[in-house]
Structure formats: C-alpha cells, structure tokens
Amino acid sequence: MSPLDDLKTAIKSRLGELDCVIGWEQGYDQLHATPLFIRSEADLDRLVIGPLAVHNLATYLPGLRGKKVGIIVKGCDSRSVIQLLNENLITRDDLVVFGLCCSGVVSHRKIRAALPVDPGFVEAVDLSTDTLSITASGQTTILHMADIAADKCQICQYPNALIADVLVGSPQESKVLTTLACQEEFEAKSEAEKFAFWQETMSRCIRCYACRNACPMCVCRDFCISTSRDPLWLGQENTPGENMMFQLIHVSHLTGRCTECGECERACPVDIPLLLLRRYMNKQVQDVFEHRAGTALEQTPPLLTFKVEEEGIKERGW
Amino acid sequence: MRIGVFICHCGSNIAGTVDCPKVAAKALTYPDVVFSTDTMYACSEPGQDGIIAAVKEQQLDGVVVASCTPRMHEQTFRRAVERAGLNRYMFEMANIREHVSWIGKIMEDNTIKAQELVRMAVEKLRRNRPLIPKRFETVKRVLVIGGGVAGIQAALDCADGGQEVVLIEREQSIGGKMAKLDKTFPTVDCSSCVLGPKMVDIAQHPKITLYACAEVESVGGYVGNFHITIRRKATYVDWNVCNGCGLCLEKCPSHKHPDPFNENLCTAPSINIPFPQAIPKKAAINPQSCLKLTQGKCGICATVCPLKCIDYEQKDELVDVDVGAVIVATGYDLFDWHKYPQYGQGRYPDIITSMQYERLLSASGPTGGQIKRPSDGKEPKNIVFIQCVGSRDRSVDRPYCSGFCCMYTAKQAILTKDHLPDSQSFVFYMDIRSPGKLYDEFTRRAMEEYGAHYVRGRVSMIYPQDDKLLVRGADTLAGTQVEVQADLVVLAVGAEAAAGAAQLGEKLRVCPDQYGFFVESHPKLKPVETNTAGVYLAGACQGPKDIPASVSQGSAAAAKVLGLLSKKELESDPAVARVNQPRCVGCGKCIQTCPFGAIKEVADRFGNPKAEVIDTVCQGCGICTVTCPQGAIQLEHFTDNQILAEVQALCPPKIFANYE
Amino acid sequence: MAKIAYYPGCSGLGTSVEYDSSTRAVCRALQVDLVDVEDWSCCGSSPAHTVNHVLSAALSARNLAQVEGMGLDQVATPCPSCLTNLRTAAHKMAHQDFRDQVNALLDIPCRTNVETKSVLQVFDEQVDPQLILSKVVNPLTGIKIACYYGCIMNRPPVLMRFDDHENPMAMDRLMCALGAEVLPFPLKVECCGASYGIPRGDIVARLSGKLLDAARRLGADCLVTACPLCQMNLDLRQGQINRALGENFQMPVFYYTQLMGYALGLDRTELGLNKLCVDPHRVLGKIKQPVPVK
Amino acid sequence: MSPQNIRELRIVGFLCNWCSYGGADTAGVGRFVQPTDLRIIRVPCSGRIDPLFIVRAFMNGADGVLVSGCHPRDCHYAEGNFYARRRLEMLKRFLPITGIDNRRFEYTWVSASEGQRWQHVVTEFTRGIHTLGPAPSFNPVSETEWNKLAVQASEGQGCPCHG
Amino acid sequence: MQTFDLTTADQDFIAEVESRSHQNLKTCYQCGNCTAGCPYTFAYDYSVSQIMRLIQAGQKEAVLQSRSLWLCGSCQSCTTRCPNLIDVALVMDVCRHMAREAGYATERAVKVFVDSFLKSVERHGRAYEMGLMVAYMTRSGRIFTDVDLAPTALMRGKLPFKPHPVQGREQVARIFERFRQGGING
C-alpha cells in the first residue's frame, strides 16, 4: 500500500470522532494544491500528498480551537503544531495528528522562474522521484526536483513529523547542509549594503499582510497591533520605513517561536525574502538559549522565562 | 484637551543654564497647550497656588511642570492638581534640572533639550486618562527583623503605638552588638543597664511576639498585606517549657566550643544561654558540638533537666504571619581584620579586636572585667589601639568611614586607664571623627585627662619581640617612624554589611548599595523608607551608625509604620495593568511571566479563556505588557501609546510626502 | 616535568657560586630539568631600574627573548632580584607602548610569552613533596632555623603572585619537610639593606643587624635565605655588622638549597658549605645522626 | 518638528524608574557633566521596555538608543530586568541583519547610587554614536531619492538566491 | 625651615610624576603607612609620606634634591601596604629618574655605584663584581671600601679576577647605545 492509502485508512478510522481533518487536494490545476477540509469519507477521495502539497496547515489550528480536528503534517509543519501546543494556543486532546515522512516540497517561485514563460494554466503534471514534468500550452518542460525544491527542504533537519498519532511513509534522513549559501552571502554583506537592500525591498511591499495571515504563529488575527489604533504602533503610510517596521514587529513577535516553515515568504506576492530575517533571528535564539522552536513538547519559549545567571549572555563592560 | 505648562526656574538651579521663558514660549506652540508660563519655584506655596489658579482660570484639564526629577516632587504636584479639581494622573513632569541644567554647560543646548523634554511630557499627557485608586484594608501587624537596639526600639514604639509586633532575631537572644558592650560613649554609662530594661520590655509587652533563633524564609504580598514565612531554627529545647534555670549548662560535659557571645575569647557549653540577661532566657543546643547530636552519646542535659524540655529530635519549624509593614533592623558585621596580613592574621594572640576588648572590659565577660591579655593572662601595661582597621581603606574594598570607631576607641582608652591606672594607651588614628553632641569633648578628655597618647598615622606592621609586640607605625605630624613595645594591641575594626543582608534584600526587594548596606528611598527626605512601599529601615543595616543614631532611626521607622497603619484603608496605585478583554486570546503568557501572581485566567461569557488583573496585587512593572503580542494587556499610565507618543515626540518621523 | 630554562644571574658566577651550584645539584636530585639560558646577560639588577625603566626592562627582555629563542615558556632563577627584574619587564611590556619602546632597544624583539619563576616557586608548585620526603637521607633534626625570604621574593603581590606577601611559607614548608625545627621568624620580608652594602655600609649594618638580632632572640641556630644579596649582607658582612653595632653575632647564613642538598645527602663540594663566611659546622654538628634503618 | 541642534545627535534613553533614572538623578545632583544629546524616557521597569520601542525610535531616525535598568538581582519588581536582559540581548544581536549598526544600541545596568557610572555610560555611549555619525534614514528624504528607489524596486532586486 | 608658597605649586611637576608613574597621587591621604613600614626611614631626610606630600604640593626642588630618593631600596613595603593602592616605590623610582635627569645626586656614592655597575654591564654584558669594585673605588675616591672583606671573599673564590665572557655582549652594549641615542623617559 502507498503512504497515501495508509493515510486514507488511518483517517477513515478516526474521522467519526472528528469535526474535520485538514489535508490537501488538487487546486485550480494539477500543479497547484489547495487545502482540503475532510468532513466525510467522500471528501477523502480528493486527498493528495507529495511535493506539491506545500501549505503548512497548522495555520488553521488556532482558528479551530474548541473543535476536534485532525491534521496532516509534514516534518516542518509538525514543529508549528508543537509550538502552538507549547504556547497553550491549541489543545492536545482536541487534536489528532497524521504525520508524514516528507521528502521535500517544491517552490512555485522556482518553478515559475525555471519555465520559459509563465504557464498560466497547467494542463498536465507528471511526478517522478527526481523530476517534475509540466505541460502547459501544449509544451512540456521537465524540471529536476533538486532545482525546484523549496529552500527549507535543502537544509531540512526534521523531515519526519515530530508529533504524530499516526505516522505514515518511510522515515527520511535529515539533510547534511544546515545553512543556505544565500543566507550566508547576505549576512556577510556590510551593514550599509543590508540597509540599502531592505530599503529597496520594503519599497516593494504593498502591506497586504499575506505574510502575517499565512504564518502559523500569528495568532492575534483581528487584533494584530500592526492594524490597531490602541495600541497604535504603525502608521498607514506606505513607506519603506513603515513597511520595515511592520516586518520587524512580525519578527520581534516570532523571537524564539518561529518554526521556519516559510509560509510568510511563500505567501508574499512581491517576492520579499522574509526568511532572511527569520533564519538570522532563529540562529541568535539558538546561539543564546540553545532553543529551536517546536522541536520538543513542554519547551518554554525563551522570552517567557529567564535564568538568574545567563550562560549565553555576556554582559558588556563599560 | 487644554494643557497648561509651567517651567520652573528653581531659583538659579535651572534658570542658570536654561532659558526658561524661551522654553515656556515654545511650549505654547505644542498641540493642546493653551497656557504656558515660567515660575520661580513651582513647588513653593505661591508656585503651587499659581498652578491651581491657572487650572481654574484657563479651564485646564492637564498640567505639565518642568522642574526637578519626578522622584522628588511628582507627589507634591499631583496633590496640587488634585486640589485644583483635576485627577492626579492628568499631570506630567519634565525633568529639566537633574537631567538638563545640572549636567549640561551650554545654555543653548540645554534650552533645546528642555523644550524637547517638555514636548515629550505634553505628548504623553495628551494620552493620559484619569485613574482612580482602589482601596484596600491593611493587616494591623508589624514585622521587625533584627533584635539589636534599633529593632528593639522600633518594636517597642510600634507596640506602644497600639500595633501588634512580631520581632524576629537570628541569634538566641536579642540585644545585638550593644549587649556585648561594657560601657557606652560619651557618657560611659553601663551598656547593659541601658539596654537590659528595654529587652525585658520586649519579653513582657503584651503586643510583642518574639521569635529568637529565627529568620525570614520568604516574603510575599505587598504594602499592607505582606505574607511572611519565618523559619524557627531547631534549638532542641522546648522553649514553651524551659525556664532558663541553667542546670543543663552546668552539667554539659562538652564545653570546648568557642563562645561567640564572648567573641571566641573563651569556650561555652554545648547547651547554653549566651549571657545572664539573655531575652528570651532559654537554653539552646549547639548542634555542631553537642555530643548527643554529633555522636549519639551523652544525653546528660535531658537527664538533668527538671522540666524535661530537651528534645533532640526537634526540627526547624515554619511559621506564617501576615503583616502590614516590615522594619528591617539587621545591623552590621565587624570587618574581618585577617584581611590585613601585616597584623599577623591571628598568629599573635595579643592582637585582638575592639569587640573582644569590650568583653575583656565587661564584668560579665570571660575575665570578670579584669584586663588580662589572652596569651599569658598578664595585665598589659602598654596598650596600642589602631583605628581605621577596615575603614577608609581602598585596598581592602572598604573606602568608607565606619563613623563610630573613633568614639569607642576613646572610650576604651578611658576605661583602660580606669581599670589599669599604671597603663599607657597609644592610639594610632588618621583623623578624629567626633561630630556628635559632647563627642569631641569626650575624645579630648581621653587625651587630656586620661593621658592617652594619640599618634597620627597608620601602623604598618606588628611583630612579636620577646614577650612584647613591636608595633611600627608613623607619626606623620612629627614626620617620622615610631615604634611601641606593646603588651596588647586592640584593632578598632570597622563596620560592614551584615552577612545575609543580600539574600534578605532580595526577598524584600530592598536594594543594597555598593557596599551591601540597604539603600534608603531618599538620603535626606526619606531616610528610613525604602523603594518598596511598606518596608522600612532602622539602624546600621542602612550604613554604620552608633547607638543614639540607631535608636533614633528605630523610632523614626516606627513612626512611619504607625502612620501607615493608622489609616483604615490604603489606596493602591492605579497605574496597574489592565486587560482589553476582546483583544485577549487567552494564551496565558502574561500569567506565566507576572512575578507577583497578579493575573488570573477567567472565562468570558462564551467560555473563552481571558486574562484578568487583580488590581491590588499588581505592582505595575509592565512585564506583561511587553509579553502580550496583541497589546491586549496595557500598563496604565505607561501604555504602549503613551510611550510611543514620547518616542515620536523625541524622534519625529521624517517623512517626505510623496503623495499630494 | 617539562624543561625549564635556568637563569643563574651574575652573582652566581661570583659572590654566590655556592647558591648556583647547590641549586643545580638539588634540581638534578629532584628531577627538575634545567637548561641554561643561552648566552644570558645581566638583567639590570637593582641599579638599572633606578635609572630608567625602559633600559632596565630591555636588559631583562634580552634574556626573555633568548628563552623564547630556545622554544621554552618558563624560566627559573634562584635570585629574587633577577626574578623581580624579569617579571617587571614582562609585566610592563604587556602595554603596547612600553613594549615598543623596549623592543626598539633590542636586536631581537621580545614577545613576552615567557613566565619567570623563582626556583623556590618551582620546588613549591611543581615538585611532589612526597618525592622530596622520599629522598631525605640526613634529616635536619635538631637544628632551629629562621627562614628569611627577603623583601622582593613575594612583593608586590600583584607582580609576584607567589605565596603570602607578609608571611611567606614556601621555604618554611621545605625546611620542615627536611626535618628542621622552623621558627616563626617575624621579619621574613623585611629589607636587609639591599645593594647599599658598598655605598652605604651603615644602612646595611643597621638593617641586617636587626634581622640577625630577631633571629637570635627567637633562639635560631642559623638563618636560611633565598637571595644572594641578602646572604652576602648577612654572612660576608656579619663582621662589619658586629663592628658597627658592637655586637657579636655568630649566625651561619645558609642558602636553602645548601640545606636541602645536605638533607638529600648530595655531594658536599657542590653544596659549597666551605664558601660560607660564618663557619656553619658548629650548627651542622647539632644535627642528630639518623638512626640506621634496618 | 521640534528644533534640533546640529551639534547633537538624536539619542533616546529608556530608564527604569527605580535604579537607572535615580542614577541619572544622582549624577545630576553630583553635577557630573554629561553630553546633552541624550533624552530620557522614564519607564517603571526595564521589563516594561518593548524592544519594538527601540526599533520604532530607530525607524523614526534615532541615531542611538540606550537602555538601562537595575543590576541583575536588584530589580524593584524582582524579575523585570531578567526578562529585559533576554529581550534586549536578542534585539542587540538581531539588528545587524536589518542593516542597523548594533553599536547604536546598548543596554546596561546602573543603580540609583551609581551617579558616576551613569556619567561614564552616557559619555562613552554618546561618544560612540558621534563616531558612527548620523544614522541613515530608512525613508527617502527627497523626491529624487524616492524616484530612484521606485525605479530600483520595479526592477526587483530580490533575494540574492531568488534572483 | 622653609616656607612653601602653595600658590606657586609646580603643576607640571605633579602632572609629570603622575603620568610617568601612572599613579593618581591625589588619592594619598597621608596616613603615613609607607613611612611606618619603610626600613630606610632612619636614613632619610624626608620620610616617604613627606615625599608624597611634597609632590602633592608641587615642591619640585625639595623633592628632587631629597637624599631619600637615592636611599630607597625598592623593598616594596610601601607599595604592598598602601591603603590607596598607590605604587609608592614606583613613585620614588620615577622621582629618582627625574632627579638624575635634572642633574641632582644628593647621595653621590649611590649614584657612582649605580653608574659603575651599569658601566660594568655595558662593557662585559654581565656584572663583573671585581671590576665593579675597582671602578667604584676609583670613581668615588673611597678606596678603602670593603677592603676588609676582600681576603675572605677572594679566599672563598667569590671574586673571580676575570670577567665571564658573554658572546652577546655587543647586543647588550647596543641596548645602552640605543638608549642614549633615544633619550627615552620611562
């Protein structure tokens, strides 16, 4: 039996006790998946998994608080689930986790860049282990998975769901690489270069808040301080400064909480590389507190606690 | 909103380096400011009257005063605006004295800085709202920590004032350092005759509960409602029964342990009452030396005790007590002179501390009041006193003056002559500090009538020569080196912060200064208050003090406590955290981080979890406000919007308008 | 133990030959591996620093550079005056400005990564006391000793970082281990008059006389020193002192290494006991002969 | 806009009421002369200081931000500075990726009795900021710059690896 | 006794002593501990604490002419016991340097001894005691210095007649040469 069949069997056996199970189905064409809310066995037929099922479905969980929900998670998504549990934002008893052993997902941005023209509507997709062939406007292009894998998958340390009531598929190994070349390259730039980069990049931002809405850890929803009057943190001018301020509010609120699922960057319509900020912040958290969000249950986020003597913080002398 | 701004000259303190009229004129251009003026002394009666008049005439609903630090006069002005009919929180202060006029030299820069600080205060005030304090009842009981003379005085004054008092003392008896002294300066009256009756009063006062051998285990709560846990250390004697007959002391076969009450000049039995006038007069077993407790044999005291009150199985006991106020009177320790290797580090028995010398002088001491040197029991002839041992000395990290050593050394020189008319005292000193009433006359008497030879200089080394101690010092007035063949050397050791003060301070949230003494709220105006409401200081725990000063402070602290508890109810500071419930997602992060347990989880009417602040418990630190990502819990008077307004006032956004 | 560079100091070739030879003998016996500093020169001794600190440091630093050239990082000297100079040079050269000034005077620059110790400190810190005990063949039982360290072996403490600066005990411990009765000498670090023997003999007579007096009052049979200059003042000049003070001291003044060598049963010629001016044999005669062990 | 002296740079201080604000008062009472650039915002506790206040100040053109609280263990609210230390350390470490020189931000501890230490901190920090000079403005300050930025942005520079 | 005019205190002198010794002399509060411990006090004209006071008062001439500077044995008891952590022996050293630079030598014998010693080191690379004694006696004119000790010392082989060769003595000589050229204050 394929992992998909295993998964369907497992969901079928639990569906009766659940309000719904969140998974993926094919979207408007074969290349794009979209979230699926499984309420009946009939819905189950539409379930898909695999490299095209890119969404981190944990984003839906805080909104479904109070309901009994099942969720299908990849390794990276499972970290978000753990982090939400650790922050008391969802309830373990109301949750059934169907974990996947994931071999990576695609980056639609990379696919788009690799195709000669924007395909618009994709007519057919053929997936193999190493390749993805896309047919659009009668023309077929074969892409290598290595070229179009999402950044996060290239350095994935947690391919298998870290929390699961049911785990399907055969466990995958974590990647050898732990840092991305582009990240290192950017961090090595001078402060002036980085400043200019963000100034320019933020002038593209249209403040659509897609990054926020896609983020599984952004649980404030309608009460985000970026769009409130009391407190009034952010002006409405669409200037690079205010846009950057918004991003810094987002990163600040993710300190020690971000699970690096990359949904923010995936959702950005103007291709702002938001993960540059998050990966850097996560590295600092790791260095100082030896903390990686969502990798273990019962972890306290580092900013919600303290030590009288901080080994990781060197007091600067004056 | 109608705001009035008052720029204080503070005489020339501010006006000397700040153009006050210019600052006042500028303030009129700020939003909502309808009235602005400069004034000579804003805090004076005419100054306050001026503010009140302006509020009424101009129908102001907020006031900014730019003057000194709010730590000085914020309360003064809040009361003034309240008299004018405004809520006291509709007031802001700009600190243009300590933070401007006193630290900057250039008038132009200072003036601009003052203008910006006023602007900041105006922007903050525009976002203030009236706050109403909650009222709460207080526990009519006082905890006094430390049973030295300061604590005794504080406890008696509080009890006489009608409040219940719990007095706790770490040692077996109250009395502190004073109980060990022979005589006191400048009257040379008997220390135990002065202190003894007060100690008895403590034991007999119906309103005082005394716990000796006890320490503070933990502190919770806040002014008016502290929850204290006291650890009563095991004494292995049932003090409810023991009547202090002393039979056990006589029969105890293990009496080789140094006697701390006698400064280790002699030994004491393992079950002991430290001194005849001890309060409480109860025996206690030293678990380090008792044969029964260390080796499991003996048990003689249990056999001889007529009241059968020995209990080798006794354990520490925790006692909970609720009090409305706390007086800290934990005193001081004597400097450990072994830090001076040139004084022999204990190799020479005839070099002793001034406190050991007190015990030699005392009729109840180990020599029955005869001055005999420890090495051979001979009466000394030449006695050298060395002052400033552990005082005014950077090399041992004690740069401060201990204040009382000059006086007690003069007293000891006088007593020496009284005891041994043929003796000669030499006093090495750097400066004589005797500013108290009749103090300088006293030191003069030591020199003039009692013939003490005062030598201005330090002593560099002491070493034995035959059966004498060769003391080599300097006489800087003669400009030369001097030597004395001494029979006994007395080191006038200085005072240092008591061991354990730091830990107690942490529990009570009272800060230590750089030397470990507790910091008072204001060095002049609030000498016995601390920064923690309801906690007061008395005696040498705040800094070295002699007996009269310690007693005065004990009374002063008691007066403060009586004032506090005379009110039926106290008002809580309304600048506490407040939850905007719709915004709250019920994650509980604020509950997790609050150091005071002031936030609880409640359910809204749909059953969703929400945070709620307990007003009287909240101390107003604002940790929760920063913790909450959606800004749902805001610290009143320091809300995000108020602080952001201050930031914006200081850093006005530089936006080039790219839109029409 | 790692090799340690050995800096004998100029007096080791002259007035304190017996200190040098007995030190070498004892080190050999205790397996302390000394290698002479190649082509060492004068450290500047007490006069140089009274003229100029850079000059003084340069004279010392040349020797530190020699040690560095040998690939060693530790140098030991028996002489406290050399010790002070070498340590002071390294200490001051920790400051870049000063180091540059000193190196400007030198052919080979000094990197100051050599630690200078006294031989006494090496014995105290790097030799197993059990080893010493195991090698004692003539315990010094029966003689009363006053140990005199001299004023600069331990002072100032921030620079020397060895032993107590008012009441050092390293030598006391050694002598005790060798079986001698060590008296609590109160003037262990009091100055003997240093190098003023030549220009101001009166000063040395007074200061060294005081030391001899203190030792005599304690009932000491002899003084034990660790410093060539002190030993010379107390021993060679003892006659001068007697004349100046109208005294009659007859106090032998040993180098501690001589007594160590004696107790360890080393070759008497290397110990140079015959080089002492005040005849030590009366005191050595007091030592109880060890009972032969079966 | 309030007047700004060109000799001065814009330095914002956030000080806790109990220790550091008192320390600054003590420095004033002692007449310890300090550079005048710094303007102090009083907060009850360093635990009240949201790192985003500091970010806000920088985005609004502050050239330097200095935070000071009670020494660890001396917090009037027992734990505020412990939380603050974690938050502020993370900000200090994070700033470089945003292109803001993190030498423009410091946090330290000054007690109410440490007037001289406060003088030292202010003097040193202000000198450091003057060495760095005025901070660059995130928003373009002229129409020309706006236009330049708009052109660059439309060409889409993006992430180094995203092309 | 002299009267010092305090208003004309030589501030440059105070500053120079402070900067060359890296000590803050204002912290001296004249407790006299240095004088108390100094073994040489009996031989001094001004006691150590008086020297410190004279420096504080900017009395350059009195300090530089003091014989005490030349008699200090650098035994470190003042430095070790100063309650204000002043390196007093270093201050004495610095004053001695300044006195030498200013051409004072109020204890001529000491200066001649020092000069003879350094001359000997410069020539031989090491201190050569016999040569040093001869040089000292010649220069000081005190030809009977320690002649009583010579037989004892010679008999015991403690005063070799020949200097010990140092290969690098040119290196040592160059140290002195560069020092004289450089005119270093240190």
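Should a chain be cited, it is by its letter among A, B, C, D and E, assigned in written order, with residues numbered from 1 in that chain.
One rule holds in what follows: contacts are C-beta pairs under 8 Å (C-beta built on N, C-alpha and C of every residue); 3 or more make two chains touch, one makes a residue touch a chain.
From a predicted model like this one, the values you see are computed outputs, not experimental measurements.
Between chain A and chain E, the least number of touch steps comes to 2. Where touching is counted per the definition, the chains common to chain A and chain D are B.
Farthest from chain C, judged by the mean position of CA atoms in each chain, is A.
Comparing chain pairs A-B and C-E, the larger number of C-beta contacts belongs to C-E.
Averaged Cα coordinates give chain D a centre that lies 53 Å from the centre of chain E.
Centre to centre, using the average C-alpha position, chain C and chain D are separated by 58 Å. Within chain C, residues 165-166 each touch two or more of the remaining chains.
Looking at chain E, one finds that residues 42, 77 touch two or more other chains.
Chain A has residues 233, 239, 241, 303 in contact with two or more other chains.
Pairs of chains in mutual contact: A-B, A-D, B-C, B-D, B-E, C-E. The part of chain C that touches chain E in the complex is made up of residues 10-11, 13-17, 39-42, 44-55, 57-59, 62, 98, 101, 104-108, 151-152, 155-157, 165-166, 189-191, 193-203, 206-207, 236-237, 239-240, 274-275, 277. The touching residues of chain E, counted against chain B in their complex, run 27, 29-38, 41-42, 46-47, 49-50, 77, 81-85. Of all residues in chain B, those touching chain C in their complex are 341-342, 344-345, 347, 461, 463-466. Put simply, chain E touches chain C in their complex at residues 39-40, 42-43, 71, 73-77, 79-80, 87, 89, 93, 96-97, 100, 107, 109-110, 112-114, 117-118, 121, 125-130, 133, 136, 140, 145-146, 148-149, 152-153, 156-160, 164, 166-169, 171-172, 174-176, 178-179, 182, 184-186. For chain B in complex with chain A, the residues that touch the partner chain are 580, 582-583, 585, 587-589, 592-593, 627, 629-632, 634, 639-641, 644, 653, 655, 658.
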